[in-house]
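In what follows, a structure is listed as structure tokens, so that the remarks can point back to it.
The chains carry the letters A, B, C, D, E and F, assigned in the order they are written, with residues numbered from 1 in each.
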Amino acid sequence: MRPSGRAPDQMRTISIEPNFTRHAEGSVLIGFGDTRVLVTASIEERVPPFLRGKGEGWVTAEYGMLPRATHTRGSREAAKGKQSGRTQEIQRLIGRSLRSVTDLKALGERQITLDCDVIQADGGTRTAAISGAWVALRLAVNKLIAGGQLTRDPIRQQVAAVSCGIYQGTPVLDLDYDEDSAADADGNFVLLSDGKMAEVQATAEGACYDEEALLRLLRLARIGAKDIFAAQLKAVG
Amino acid sequence: MRPSGRAPDQMRTISIEPNFTRHAEGSVLIGFGDTRVLVTASIEERVPPFLRGKGEGWVTAEYGMLPRATHTRGSREAAKGKQSGRTQEIQRLIGRSLRSVTDLKALGERQITLDCDVIQADGGTRTAAISGAWVALRLAVNKLIAGGQLTRDPIRQQVAAVSCGIYQGTPVLDLDYDEDSAADADGNFVLLSDGKMAEVQATAEGACYDEEALLRLLRLARIGAKDIFAAQLKAVG
Amino acid sequence: MRPSGRAPDQMRTISIEPNFTRHAEGSVLIGFGDTRVLVTASIEERVPPFLRGKGEGWVTAEYGMLPRATHTRGSREAAKGKQSGRTQEIQRLIGRSLRSVTDLKALGERQITLDCDVIQADGGTRTAAISGAWVALRLAVNKLIAGGQLTRDPIRQQVAAVSCGIYQGTPVLDLDYDEDSAADADGNFVLLSDGKMAEVQATAEGACYDEEALLRLLRLARIGAKDIFAAQLKAVG
Amino acid sequence: MRPSGRAPDQMRTISIEPNFTRHAEGSVLIGFGDTRVLVTASIEERVPPFLRGKGEGWVTAEYGMLPRATHTRGSREAAKGKQSGRTQEIQRLIGRSLRSVTDLKALGERQITLDCDVIQADGGTRTAAISGAWVALRLAVNKLIAGGQLTRDPIRQQVAAVSCGIYQGTPVLDLDYDEDSAADADGNFVLLSDGKMAEVQATAEGACYDEEALLRLLRLARIGAKDIFAAQLKAVG
Amino acid sequence: MRPSGRAPDQMRTISIEPNFTRHAEGSVLIGFGDTRVLVTASIEERVPPFLRGKGEGWVTAEYGMLPRATHTRGSREAAKGKQSGRTQEIQRLIGRSLRSVTDLKALGERQITLDCDVIQADGGTRTAAISGAWVALRLAVNKLIAGGQLTRDPIRQQVAAVSCGIYQGTPVLDLDYDEDSAADADGNFVLLSDGKMAEVQATAEGACYDEEALLRLLRLARIGAKDIFAAQLKAVG
Amino acid sequence: MRPSGRAPDQMRTISIEPNFTRHAEGSVLIGFGDTRVLVTASIEERVPPFLRGKGEGWVTAEYGMLPRATHTRGSREAAKGKQSGRTQEIQRLIGRSLRSVTDLKALGERQITLDCDVIQADGGTRTAAISGAWVALRLAVNKLIAGGQLTRDPIRQQVAAVSCGIYQGTPVLDLDYDEDSAADADGNFVLLSDGKMAEVQATAEGACYDEEALLRLLRLARIGAKDIFAAQLKAVG
């Protein structure tokens, strides 16, 4: 039995509130149950040094967690003077995931930064962040198209992410905090709307897992991704 | 004429949504017009080194601005590896303001940290933060009282803050971004519900100001503070 | 009774030794009683990035305290790897104060940096720094005028600063360390020779203060500023 | 055709030189072809704060790359003042991988740190590091057993890692630098000697991959792991 | 001919003003010509971790240069967030030099920190700092003896430092800035009043030097040290 | 008697393995007994800002110690976020030493960086680093000459370094760790193949030393340097 009473293949409620803030070209407050992440997409007409003059754009991400997003207060990374390894790992993952569905040549020499800030954490912050970042990116690119700055859509398809894990011997979808902290193994799956995968990260915490378990987690992830893809489309109208 | 069409002594709409997040002992989303700040109050049963064993508590604050809270994206302080002078100045002001209404001995050997994170900025983020922090502090202290951890209320009165400035020759209340960036002088007033002042910071930007102008700004601030005090009380029930 | 035996409206001895060091375009050792601050003004023929090509100059300040300027040794900020919030707050205040009397267009595309280093601290280091910085700035600008690099004087008037506070119920002028650490409220007043104000920062430490008290502190500040203005003029000949 | 002329399921030459340095409790120079990583295991009779007094040990890892391990010189992380996100991601992976085969209770309240320093890089530095770290850990634990400090062996089985990827449409084992920089997708597989998995990280670089491809990469990884397990056993005698 | 007109074996004027500041247990403003260094000695009743409980004391030094001590303004190390290699090299040298004449056991479990801050630089700042630090240390230790905290004098003898170099082919004593920046080789000599050496650091800048040259520099250093020893004794009465 | 049984004027075995790694333009693993340092020389076609456009090159060095090169594990400088004072002092010494034999004009506008990483430490790491750096530099410059990028050899002669010290009253050559940690005085001598000196750094640890002792240490250093010069020549063929 899951602590939340959910079925093993049941996602938490997905909530997506587009245009949550005013200034960003794209913004969204996404919720996977009690996990809530604010994602903004900012367009800048410049690219990082390694891309200058190549006629290509860039999509990147930054991730942060408000100090009291969690059960007990964590210290503020800006005050400590550095981002943790976990933060850097997550923001690199978000950036790669969004680039996997973006035609950077079609984007032109501009950069879109996806800022993912966790307002409230209950497991799955990185997967909610990726899923919300696609919406923010979509909204920002829509503005570029509407404004005539882009004639060809650089977004090739949708990308969504969800975590799955083995909780008390059973593979379950979309771990919340209680499950996550007790899971034997868990994985983050970044999936595309055409059925392919952009990234799989499966980690044993207690017992290691076999190929069969990996495939069962992947199948659960596909179920969750379907719900997320639908919620994304609804949010961007 | 003010860009927003407000009268010189008119506050923007004050919105206070208590219990905006789940984990913090106190939390609030406060809005002064389009400026929106999330404040959480976190109770920890420990005090900073300089207070250990003295039977007194501490109230402190941290302040941050999400990178795209502003019109153009600012860099993330956690990524740059340090907090700006402006950030430190503001969080010191918030902490002093809240301590000015708290009986630290009555609080006992515990610390309450007020995290003020700007979700959206349109002028007056520090004054909204102080005004919201009082609500978050009040909610957190209520929990301590309800839980029997405190028998005497350490909060002596309300504290609120508002900015006033001289815009195109006229003293006006509660500057928004358009006014703030063009004001000749502006001040932040931290006022108490008994009519006293905790802090006055008045700065000339263009022309310097005289005593008469300072007093007119202070009078406007009192008008705004009255509205904020009422909104605070309504929010905490 | 004040610990120093001074009357409530009595400044400490103001000493100003111009040209204290050789290399700087302007330099001064200023003393308010036992508080001694070395201020140098350095002219550089470049401006910060946000001003490039705008035909305007910039005046900025940095502040430091030698580790054993104080009663007990403080740690060296260069060794700790960062400037404290207090240091940044003070250097921002010094910079704003000096810019309030400078016509930046008349200065031309150059920057003057005022380095204020506290040799010995006994209360009022930031107000002594501002008052001394005006002298250093004046001396440096005089060199630019004498050298023909400036034809119009960019310094519009004098600026001076002094602290006042409520010590044992009585408003007093120019707090020394003993008074400062026991004051109920204190304020830093940055005043101009035309009678206007550049900055007022009044903070309650113990009890909060009312409008009447603020005005009494301001009146004391005007008395002190008169003495400082006279000493500045004498120093620059 | 692979640039090296290897068959798709062919590992590079695995070389393992145990006891490469004198001071560490365990040390090894491991080579996967031209990739060479020096791994040392250091035993300390203390544990991190979160484990104190719990009767459990800890295994952790740090990773570094000598500035000229690579084709062009990279900057030294110690000189830049921080470790890159990539470095932190890798050292977290190495630590988790080794903990997945260690019974931390059986290890007792001590910490073993695995320092993995890349002397020469030609692709697969993190997988060589994990594979070598097991040997260094094994050697260090053998000393604890030989010295009577441990009576029960805390190492449950072997762990090895290898990268696989899709290079010009073909799944290949153990990517070298030329392949790695051109691969469409690649994965790092951390496998145990009982056939289970500790970690799978598969990332699309160009085209995304499907389930079939993931399974083919995993099968290749098992082939490579077999060779590594044999080389590890031979090295530790 | 030396730019200053001095004879090759002539020191600049040595000026030592003891008790330059009030709070430090020992303080001195030392001048070697236009080079002026403020040195304070601070006594703390604690030792660094590696000495705790060993019944021994510690003498250490920190060094800084005010931003405009030099001909052109240098950046402030506290603002840059780190001390340069040069700064660290110098403060290590000062600490070693003073420890070479101190009986750390006789000092007892306390630390004396020598803060050497360069007010004005004209070559030889590190040698002036060492020579002044001995005076500040002597004054501080005198207070400990006068206060009955020490019964045995831990200072075994005097230490002084001076630079010598080969300027336009001629060995000269006590290089000023003009000579220092053009010297072929220069050395810093830390000498004791019994004639022994605590430290010799001789460096070729342009041409390398031979043994004969080294000995001639050393002989000049002895001449300078004699003057410094006399000035030190006069300063401490 | 020396712990190693060596005669007072006996070097440890010098081993030099050129071309130890593949990517660097020059690389060498040098050993002085159990001390082993990997040195790579990297050529970059750019110079530091202060040399741009002057038609001169630059030779610089960086130094690091692997965490477990030593008897007990030291913390990793990249993880701590800064290089120690000792590290910076050493890398500055290495850079100066190599520049003392290089004609920077003949090198042209390019920079050669010598990375010296200590694999295993047993005393004398900085002297082994300097001695090995000459070989790496020689190999890199040979490539420039062979490739026609240089027509005139910028290396004027050989440079080698060795430490000497007074151990139990006897001057000895090439201190190992056991001797180094117990020596009364020790010196690092950087010598040129023409008999001149580039740098002498002699430091008293316990007792101070006199001129006679300094000269005896220097004579021992010459004996050691002869061996090192021969080994260098043999290594570069």
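FYI, a contact is a pair of C-beta atoms (placed from the backbone, for glycine too) under 8 Å apart; a residue touches a chain by one contact, two chains touch by 3 or more.
Everything numeric in this text was worked out from a predicted model, so none of it was measured.
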Least step count from chain A to chain F, where 1 means the two chains touch: 2
Co-neighbours of chain C and chain B - touch as defined: none
Identify the chains in contact with chain B as well as chain E, in label order. C
Measuring between Cα centroids, which chain is at the maximum distance from chain F? B
Chain centres computed over CA atoms; the one at greatest distance from chain A is chain E
Between the Cα centroids of chain D and chain F the separation in whole angstrom comes to 33
Distance between the CA centroids of chain D and chain E (whole Å) is 50
Identify all positions of chain B at which a residue touches two or more other chains, and write them in rising order. 81-82
From chain D via chain F, the ring reads D, F, E, C, B, A
Flag every residue of chain F that touches chain D in the complex, lowest number first. 21-24, 27, 34, 36, 38, 40, 42, 44, 62, 64, 66-73, 76-79, 81-83, 87, 113, 115, 117, 119-121
Given the complex with chain E, which residues does chain F contribute to the contact? 82, 84-86, 88-89, 91-92, 96, 100, 187, 192, 194-204, 207-211, 214-215, 218
